[in-house]
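Given below, in the form of structure tokens, are the structures.
Two complexes are shown next, each including chain A; its partner changes from chain B in the first to chain C in the second.
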Partner chain A sequence: MIELLDWLIPTLASAYVVYTLTAIGSTVIERSGILNLAIDGLFVLSSSLAYAYAIYLSILLQPGVLATALSLLLTAVTTALLYSIYTALNTVLPVSQGAVGLSFMFIGYGLGAVVGNLGRVLFSLFRVRIEYISVTQNSVVFTYLLMVLAAVLVYLVLYKLKLGVLIRAVGEDPRLVSQIGINVAYVRFLSGLLGGVLIGIGGALFTLWRVGGWSQGQGLSHGWLAYAVSIAGWRYPPVIALVSVFFSLAYVLLPYLQSVGLPIEISIATPYVVSIVAMVFVSITHRRSVALLDPKSLGKTFFREEQA
Partner chain B sequence: MFFPSRQSFLRVVDVTKRFPGVLALDSVTLELYLSEIHSILGENGSGKSTLAKVIAGIYVPDRGYIEILGKPMKLLSPVDAVNYGIYYIPQNPNLVERLTVVENILIALKSYSAFARVSEVRSLIVEESQKIGSLIDPEAEVSELSYTQRQIVELVKASLLRARVLLVDEVTTYLPTSVREKFYSYLRKLKSENKIVLLITHKVSEAVDVADRITVMRSGRIVKTIEKAEFDVDYVRKLMFGENGYISEPPKNVLLKDLTTENRRAVVKLDRVWVISESRGYALKDIELSVKPGEILGVVGISGSGQRELAEVLVGLRSIRSGRYYVDGLDVTNRGPEAIRAAGIGFISETPLYHNLSGDLSLVENLALATYGKLFLPLKLLTAKTRELMEKYGIISTSPKTPVKVLSGGNIMRFTIARELEFAKKALIVLNPSRSLDEKFKWSFINTIKNISRSTDMSVIYISESLDEVLQVSDTVAVINGGRIVGVFSRESVEREVLEKLMVM
Partner chain C sequence: MVKVSIVVTKRSRKSIATSTPVILLLSLLLGLVASYTLIWTFSKLDPISFFSTFYQTLISYTGLLEPLLFLTILGTAISIAFYGSFWNVGAEGQYVFGMLGAIYLVMFSPVSEVFLNGDSAANGVAKLLAVISGGLLGLLWSLIPGALKAYTRVSEVPVMLLMNYIAYSISDYLTAGPWKGRYTYGYIRTDMIPESSRLTVISGLEVLRYEVVIATIAVFAIAYLLIEYTRLGLEIKVLGSNPVALKSSGRNEKKTIILVSAISGFIAGLAGALRLLGYDYRLLYNIGDGKTGFYGYTAILVAWLSFKDLRFVIPSAIIVSALSSFGYRMQMFLKELLPPGVSAFAFSQIFIGTTLVVYSLARITKEYSVKLVVRE
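This part shows the complex of A and B:
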């Protein structure tokens, strides 16, 4: 039992951090009324970017903490920029958010493969080693605390600062908000930046910490899992931080379940089944507080002027 | 006349705005001077709101432009307008339902950066709403507020905005007198600070009392702009409705129903009804009401005293915590809106797009929703019926197929009235119906209700914040205050002062 915990707690930590950050990031974006259909593609892209940046920086500087940290940072910035373009485009283009979202998803998959393979080529030329992140037994508790802190911070931004109020307001009723002289596209651009940073860090940590390497198709479907976490957590950071524990547990326990004889097909399906069940459960629950309701204009195309 | 001190700030230059099938503004030219209160008067659908929205950058004109300080603004956006200090307070409160009062006000205030804390403005709002004379809980969620309370939130917002040009679109209609007076003095203060107020209204008396100049509009065109010296109620009315289009008198008090002799069963009866409020405590306390066939019961009270909740209970949109509700002796307590509608009870709400109509659907479809339960709709018949109603109630709409949400505020109300009068057989629940109606239509509506109830025995519960209307229409008057019915009187036997006292007690 003790052994299981010794193994579980650190393994769980990396999964927990990745899904929680990504889910909270996605929450910030969806609270502004933009459907985050791009998430899986951009998650794949950011996990590949982290790898390519890390290789490149390890060559440029030298393998070490600095190169890793910088690649994390660069990934966060790049993802933030992509997401801010995504949210702004979704606001200005008079086309369905579904179309834009799926395009970005496929662009993300494609670019992810290109970028990751670029990293591979660099690696085969220079043979550098990346200093991957590893968290020692002693400091693992610290990472959990850090997530609680992240959840609280984003909560404060969304619910206690004008910025967050603006983000939620454009998610509720963008036309009304635009009529009082607020630039909806700009507010959503900001929510893209903020959400994108978090998703970028999530994607980067997936590569630099959880997996510790890169292979073809890396990250695929993990974006969707994080998305499920965000919905199961009612798009509310404190609840997400909680719900994410169970998701991560389900995911991490997979290999363990296999080792005790569960057919591989079933164990692979488990997290998705958990996601679906959780989302169905969420959609039928009665949410007492309005803070927990879905944004009213989520996924709706924004027209500034009343259409006849 | 020569006005040496007049300084032009904003000009509307030859603006035309066409909506499919409607010419909402037809070559409108208007000049606004610093330090004036300028009133725009016009009947329902004459283009007042459209004009204000063009000035606020919400609508882009098809032709013409807005000129600010001599500079033509060909593509004025709401962001530009706000940067020039132009603020629009819309006809229907424009507040995000699921945000709180503070949050709604904070997002409109440019002087606070994105990193301002929500808590910073809280005390400011309490202070300002106290000044206006009507305390608003800054933490209340907008969806819990009554219509008038929302208007007060808009006023509080307006007074915090530091506007240079304040466009006020019919927000004063139902305000308690004290609040309205305070708001007028706020407008005068703006004027003395060299600001501009554009006061849109269909109340002639309001325009005459408050404004320095009045511009009268009819069917998208400016009839005339007149100076204070020419103000005269009758003259202005004529400009507004044309020479002979106006019913100047409220309806004569047609015979009051003699209810004492009628020993018939109540059509609508609430028996000790208690209803929970969203925020705290009870919204309705121990309500006892009963209405006989053909009786018109007026329920009057100031804003937020439980009228909206009462209406919602009566149409089944709100659940009853304890007590019973009977329609024609049948217990319909918490049986939902379908059961109550099926019993022939119609509803005219103060917020038709929230309670009655689906904004995205057309007039015909909305008529079908209310009157037909069948799977297949006799579309031809319904369209003909819609046309007939449009004709009868003077509803201005491009066609019966136009989505309801693009109609003017007053026309949406007219359509609601038309449909519900058509639908209701047993009783009609009416909640603050006249807010967006012009005077002419308001009186004809009140007449219609009276006639119908006299001739068909339909009962009416007329819930309103306007004592004048309630006195006009009712056989019996009940006063609601703090969620309780504090008095029920027969119309003939009660003095206005008594009712007023009970309302504010």
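This part shows the complex of A and C:
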């Protein structure tokens, strides 16, 4: 039992941090009215970027905490830039958000393979060892506290700051916001930056902490799992931080159901089943508060006729 | 100060420059240029090798025929769903379920005995049943997100993308468990289906099967008639463009969503069944590892490129077949110029993604005119 807990607590912490940050990031983007179908591709891309950056920086500086921390930062910045392009593009031009989202997903998968393999080539040339993140039993509590802090911070940004109010306003009625003279594309650009930073960190930690390595195709489908967490948490950071505990527990434990006799292939599928059931459950529950409802303009093409 | 702004206005007249064929070709060209730029950033790939290899892919038409047929069937399946705003991104899972339905009928159901007796007429009927059983399993798998969308309003897109992984798992479970073969040399896979249940190879064009060609033509023709000339087709179109009108005209919106998901899933299931009976002959383990050719995903691009106009499914399928074969051809002939270690499918994903994004941008010119305005 003690052995199980020794394994479970740090593993759960890494899963929890990855899915919570990614889900909250996706929330920021979708609250601004942009459908985040790019998530799985950009999650894969950021987890590959983190590996490539970490190898490169470990060669350049030397393997250690600094190289790992910098690669985390660079991944966050790169993902934020990509997401801000994504959200701005979807606003400036009257494109189909669904099609652009899926395009970014495919490009993310493909570029992720390219970037990660570049890291692998560097590795085979220089044979550096990345200092992966590991958390001891004693400090694991801090990671949970840190997540609560992150959720609270994003909550404050979205619900107490003017920027957050604007982000939610363009998610509800971009036309109205535009009419009072505020640049909708700029607000969404900022929401892409903020959400992208969080998703970038989530993807980077997936490689640098949760897995501790990289292989082609790594991270596939985990973006969607995080997306399900975001929806099941009503796209509301405090609730996400809460439900994410159960999701992470399910994602970490369910694949081990084989030890109690479930075939391995079926136990692998259980996290996906849990995600679908949770999304369905959430969509049939009655939500009284507007803050918990889906953004009204989510996924809708924004078109503002220029006044002559 | 100079101020640059993008001005988008509704277009009042249509022009040839923004007709679908022009936009398709333009997207293909610009998409290739964009993909080239992306790959070039990470490698020594020169433009001449890149574009001449694409040209080679296009003229090696025999290599394109097989993906073309499957992408046409799957593209039709997804297009019908798109007409009704049912964003069927789950064709991959329905395709896998089609394989399961076909192999079940051929090897594990009472019908399987027919194939051992050698009566060719009975064989033909049994093969047809196997294809239909594949279609029905695809239909059932698609009905789940359809019913969920109709009754709980949960978005079908994430549900179906997650369900694709579940479909892979179910197939792997059957392959490694109840359906595991006896004559597999230690590999985890099912036995081969009996020779008498396989589809007929066209002599002279060994990549083709008579039944697949006939099925493709039939599916496409029936789908076209359904959408353009039937009441159900009209209802599906109205569901996609104006669901409120559908409701207020007294039609049952939920029923239409469920019907469109069923039709789409049935066709995707047919494609899986044809694949198994005509090409794969067995189920392999780790099916999600590229063993489906990811046709269900690439066909999404076919449906987007021919958006709500079935006539363009076939030209789009040609473009997408070329793009997806291009990755493999590049990997084969340009290996030393490419970023190392990257799988052919990863390149195909880049081509598909960039073409789709360019197309989505180009398509807005059909309805809008976009101008850059510089003001002092």
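As a convention for this text, the second predicted complex is superposed on the first by the 300 of 308 C-alpha atoms of A that agree within 3 Å, B and C clash if a C-alpha of one lies under 4 Å from a C-alpha of the other, contacts with A are read in each partner's own complex, and residues count from 1 in each chain.
The rule is short, and it goes like this: contacts are C-beta pairs under 8 Å (C-beta built on N, C-alpha and C of every residue); 3 or more make two chains touch, one makes a residue touch a chain.
Quick caveat, the model's predicted, so the values are computed rather than measured.
Student: Does chain B (first) or chain C (second) touch A:K160, or do both, or does neither?
Tutor: Touch partner of A:K160: chain B, not chain C.
Student: Looking at the overlay, does A:V290 come into contact with chain B only (first), chain C only (second), both, or neither?
Tutor: Touch partner of A:V290: chain B, not chain C.
Student: Contacts for A:V92 in the overlay, against chain B (first) and chain C (second): which applies, first, second, both or neither?
Tutor: Only chain C is touched by A:V92; chain B is not.
Student: When the two structures are overlaid on chain A, which partner does A:S178 contact: first (chain B), second (chain C), both, or neither?
Tutor: After superposition on chain A, A:S178 lies in contact with chain B alone.
Student: Which chain, chain B or chain C, is in touch with more residues of chain A?
Tutor: Larger number of chain A residues touched: C.
Student: Does the superposition put A:P263 against chain B (first), chain C (second), both, or neither?
Tutor: The second partner, chain C, only.
Student: Which holds for A:V114: it touches chain B only (first), chain C only (second), both, or neither?
Tutor: second
Student: Which partner does A:F126 contact after superposing on A: first (chain B), second (chain C), both, neither?
Tutor: Neither partner.
Student: Once chain A of both complexes is superposed, is A:R168 in touch with chain B (first), chain C (second), both, or neither?
Tutor: After superposing on A, A:R168 lies in contact with chain B but is clear of chain C.
Student: After overlaying the two complexes on chain A, where does the chain B footprint on chain A coincide with the chain C footprint?
Tutor: 305-306.
Student: Can you tell me which positions in chain A touch chain C when the two form their complex?
Tutor: Result: residues 37, 40-41, 92-96, 98-100, 102-115, 117-118, 120-121, 216, 221, 224-225, 227-228, 231, 263, 265-266, 268-269, 272-273, 275-276, 279-280, 283-284, 303-306 of chain A touch chain C.
Student: Can you name the residues of chain C that touch chain A in the complex?
Tutor: Spelled out, the residues of chain C in touch with chain A are 6-10, 38-39, 42, 87, 89, 148, 152-155, 157-159, 161-163, 165-166, 169-170, 172-173, 176-177, 300, 304, 339-343, 346-350, 352-354, 356-357, 359-361, 363-364, 367-368, 370.
Student: Chain B touches which residues of chain A in the complex?
Tutor: 159-163, 165-166, 168-169, 172-173, 176-183, 190, 290, 293, 296, 305-306, 308
Student: Going by the contact rule set out above, which residues of chain B touch chain A in the complex?
Tutor: Within the complex, chain B contacts chain A at residues 19-20, 56-60, 78-79, 81-83, 87-88, 90, 94-99, 103-104, 106-108, 110, 112-119, 141, 143, 398, 402-403, 405-406.
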